[in-house]
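Next up: some structures, all given as structure tokens.
Next come two complexes built around subunit A: one with subunit B, the other with subunit C.
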Partner chain A sequence: MVDVTTGVVMTEEMIKASQVGMKAIGAGMAVGLTGIGTGLAEMSIGAAAVGAAAENKDMFGLALLFTVIPETIVIFGLVVALLLLF
Partner chain B sequence: MAQAMSGPAPYIYVCTRTRVRKAKLLPPEEYARMLNMSIHEITRFIEETEYKKEIDELGTSFSGIDLIETALSWNLAKEYQNILDITPGTLKVFIKAYLRHWDIQNILTLLRGKMQGLRPGKIKEVLIPAGSLDRVFLDRLLMEETPERVAETLKGTDLYHIVNREISRAVEAGTFSHMENELYKEFYAGLLDIARAGLKGGSQFLSFIQLDIDITNIRNLFRLRADQFVENIRSMMIPGGSFSVDELQQMYVIKDQNEFIETLQKRMTVKPVQEALEAMKGARSGHEIDVGLTRSQLEQMERMSKINPFSVHPILVYLERKRYEVVNLRAIARGKESNLSADRIRACLVI
Partner chain C sequence: MLAPERMSRLMVVASKEQMEPVISELYRNHVFHIEDFVDSGTEDYQGFHIGHPLSDASEISGQLLKLRAIENAFSIDREKIEATKSEQAALRKRIEEELPSIETNVEGLMTRRSALDNSIKDCQQKIEALTPFLTLPVPLELLRSYDTMSVHAGYVAHNVELAAPAEVWYQPSKAGNFIVLVTPANQKDEVEKALAASQYTSFPIPVENGTASERKAGYEGQIQILEGELKEVNDKLGQVKKEQEGFLVACEELLHADVEQSEAPLRFATTNLAFIAEGWVPSDSVEKVTAALNRVTNGKVLVSKLEFDPTRDAVPVEYHNPSFSKPTELLMDVYSRPKYSEIDPTLFVSIVFPLFFGLILGDIGYGLILLALSLGLMRFLKGEEATMFIKVLRNASISSIIFGVLFSEFLGFSMPWQPILFSRHLNIGGEASAHGSAIPQLMVLAIWIGILHITLGRVLGMINHARMDHGSHRTKSILANFGWILTMWGILVMIWAFFPIPLMPDLTKLPLVAGLNPAILVGAVMVIAGIVFIARENVLDVIEVPTIVSHVLSYARLVAVGLSSVALAMVINYISIGMMIQPRLVELHPINILIVVMGGFVFLLGHTMNTALGVLGGGLHSIRLQYVEFFTKFYKGGGVKYSPFGMKRQFTED
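Then we have the complex of A and B:
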């Protein structure tokens, strides 16, 4: 096969290797981007949780629970990454 | 450290803390219960709330109404200073500037006390060191013999130039009202400058200050109209709000009370204030008007804090709510001490 943009002839092995690389990039992006999303969400919730727990220690458990709820986003990302890789 | 931090996290942190504290304030039904209690029962009751530490600390030195008053003042000052400590970045600038009105209140109380020859201990009971002038500095002022000496000791503070300029005139006239007007005008002008300085969150602070100025001007207009002895009220009005000073002067001279209220309603687009003004039509006492305006101001502040949940508004709302909790508790305690009826005391409460 000839790559029309570069004019380089690609062998079957090269195509397979390229596909594996693309999958790895996709998996990395799935984890990385969801990680950033989780971080942004947890920033606000965490700040509020620390504020609430500082005023009322009984809220600590509930505050912690709320803070980790956005972790689900990164878990979804991880699942997608694992599905891509295996 | 807080100043080095960026992003909304510090705002969210402090706003949440103030919201939790606001939720801990006494609910309206507790005031109703307290109206049926004696002074000792009220002391015991507030000892079970956020005022425990102060009541325990002062219990050996004071008793009865003095204990309640002093504990409330100490708690208020401590609370305000604590809020200032946890507030980050530009919010601190706004809060610090806003709390300066306690300095004005303290200095005026001190000057009036000195003028009347009250002993320092008595004056100290009513001082609330919640502003930039701390307890140590106020103690130094308390030791001064005359109002002139107090003014001299203020050298180096923001208030010095106005107090020093006005003191001889005030002592001569025997009243500090002109000085009070000047101090508050300068205070609000300073707040407006800070709000317009381009700091982050300045526009929200500006809206809060303008509401405060409007309510103060409207309250003063009602009071002046009830007295009806001044021709020109321009010098008593605070510029910078929704109304110009000339506009306020024009409103002041409107003869009919209902017409005056309608003119205010047309200009004041804030819904809670409009509703409060509507309720003021007809014969109402000056005190009821005062309380009604304060309630509407607090309601509008609440609304603003919900529109901007992570701004200076929730903090300022808490500061004001806390202030009125102390005012209410003091009113109940003082009312009980003077054997006033429950209805009479209830009318003075800002709930």
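Then we have the complex of A and C:
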């Protein structure tokens, strides 16, 4: 097979290696992007939750609960990454 | 188990003469949760009003206040004092005889200490004011009390050039360029203009006699003397603290108890001649309390049980759990205490939380580290909550060790045996994958756990609604919970009909009925029936149906977080041992030895970090699965804490 951009002939091994690389990149993106998503979501929830807990200590449990709800997004990312890699 | 301690509502009625013995007996028994009387003017309570404190209340409060001031000054930590119990009567005598003299002594010392502190601060301020003038070789008294001259002192950006005749002393330095100017008073305006042009900031001229450096030395000498005296006073205070610490905390406990007792009538309903105290007592201590009250009043008291509605009345809640799930009550209180009439899920949490923790951090090495840590902390931390927390950690780490054996893992290395449960050994560094990993199977296992956990939650929800609701709403909400279970399992059956999944029933090969897999049909019927049941209670809840999928998938974190911790451990091992230590062990010369030592350091640091991350990940994610995925299915919470009248005595006894 010939790579169009460089004109280098790719052997089967190279193709396999590049597939592994692509998988790794995909896994990295799955974790990284979902991490950003979770971070964005937790940013405002966390700030509000800390505020609420500072006002009233009984809110702590509920505040923690609200804060970790978006965590699921990054866990899904992690699951996808693990399934991709192994 | 699964329900809070059974409570009874008691009403105590007696004449006012019996108030003191009744109060002190209730206090001693420490089981009566007083329900505060609120003077709402309802018909039932006409003629009743809130009681007055016993006669000596304000006097004792005053004493207690003074005592607490002393304790604050000493910063006494009650938890660090060894509890030796002193007898109450002897203690009262000592309070009368010794406490006043201790108080005056300490107060005197405290006043002396703050006076010394102030003098030291004074001297330090004076030294600060003198600092810029230190280089000036002129005595400071020459800089003031002129009629025809004006003196300026301060920092400038650069030297000032003046047309007027002037005596100038200029000293450039890092802090700023210090200038002292003496000019005729009638040319003040011109001088000030010139100074302003060179960004002049003025200093007040210290009212001192002699050169600045002499004066500074003088003040420093003074500070030294004052500090010596301060140390002496502090030593004396320290000695008093050491001698009287135990006595003071015992006094505080006794006086605190006295104050609480003398203020108790504020929570009772009283008439001119009698009083009524209402409250809650664990059902099994009712007889004991009744007998005790009858004994101290010679039978001149009426104690009767009142009827109550367990779902409507704010019954105080005391946990009633087997001893191994006691520490988990801490995790429950963080969320919310259960209501009296609902199921108390502490038992489930106390079993499932360590299981989840072990599943996430299943590693013999980390488990042992955490176990050692919790056993060590148990010696140092004394508070009730701290002990509970450490016990939770201990149980979790034991579970972690057990799962470590099942997973055959030790700090990321594989143990000599094959993993009994599915292997989590990843292919990192090309050599660590001794057993090969079984990630899909692990994921399915986590999903199974999720399905069962959520089903359990819904079943508990059905029981709770059956207990707490009434009328048609009751049937609807029970059916709605059943509907959620049906929908979840219906979706599952349909998935099984389409895809073969390891560890799950394979329904793809069922004989077709009318060209359709019967499992699809069954699943669809279950989903539709479930949604109908949900909608009957509240149509808007149908929007929430997708959460069935997301909540079940959320349990995948049990494996995902665990695997990330395994991967980190393996990476640490590979970097420290595979890359730094092993290749250098072939030939030992200084550089190699250095790198081997560094490798050891990386190993230690990495695993310390991974342990911390493991506790955080394992702990937070396991508890989150309880709070978010499990509790939202059935748990309301918001129960009132049972806090009986009286106290746990630490330092006093009868």
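Going forward, the second predicted complex is superposed on the first by the 86 of 86 C-alpha atoms of A that agree within 3 Å, B and C clash if a C-alpha of one lies under 4 Å from a C-alpha of the other, contacts with A are read in each partner's own complex, and residues count from 1 in each chain.
Following the convention adopted for this analysis, a residue touches a chain if its C-beta (ideal position, glycine included) is under 8 Å from a C-beta of that chain, and two chains touch if they have at least 3 such contacts.
Computed from a prediction, not measured in an experiment: that's the story for all the values here.
Chemist: Which partner does A:65 contact after superposing on A: first (subunit B), second (subunit C), both, neither?
Modeler: second
Chemist: Between subunit B and subunit C, pick out the one touching the greater number of residues of subunit A.
Modeler: With both complexes superposed on chain A, more residues of subunit A are touched by C.
Chemist: A:50 in the overlay: touching subunit B, subunit C, both, or neither? Say first, second, both or neither.
Modeler: Touch partner of A:50: subunit B, not subunit C.
Chemist: Is A:79 touching the first partner subunit B, the second partner subunit C, both, or neither of them?
Modeler: second
Chemist: In their complex, what parts of subunit C are in touch with subunit A?
Modeler: 334-336, 426-427, 437, 439-440, 443, 550, 553-554, 556-557, 559-561, 563-564, 620-621, 624, 627-628
Chemist: Please name which positions on subunit A make contact with subunit B in the complex.
Modeler: Interface residues on subunit A, with respect to subunit B: 43-44, 46-48, 50-52, 54-56, 59.
Chemist: Within their complex, state which residues of subunit A touch subunit C.
Modeler: Against subunit C, subunit A makes touches at 58, 60-62, 64-65, 68-69, 71-72, 75-76, 78-79, 82-83, 86.
Chemist: Considering the complex alone, what residue numbers of subunit B touch subunit A?
Modeler: For subunit B paired with subunit A, touching residues are 7-10, 12-17, 20-21, 24.
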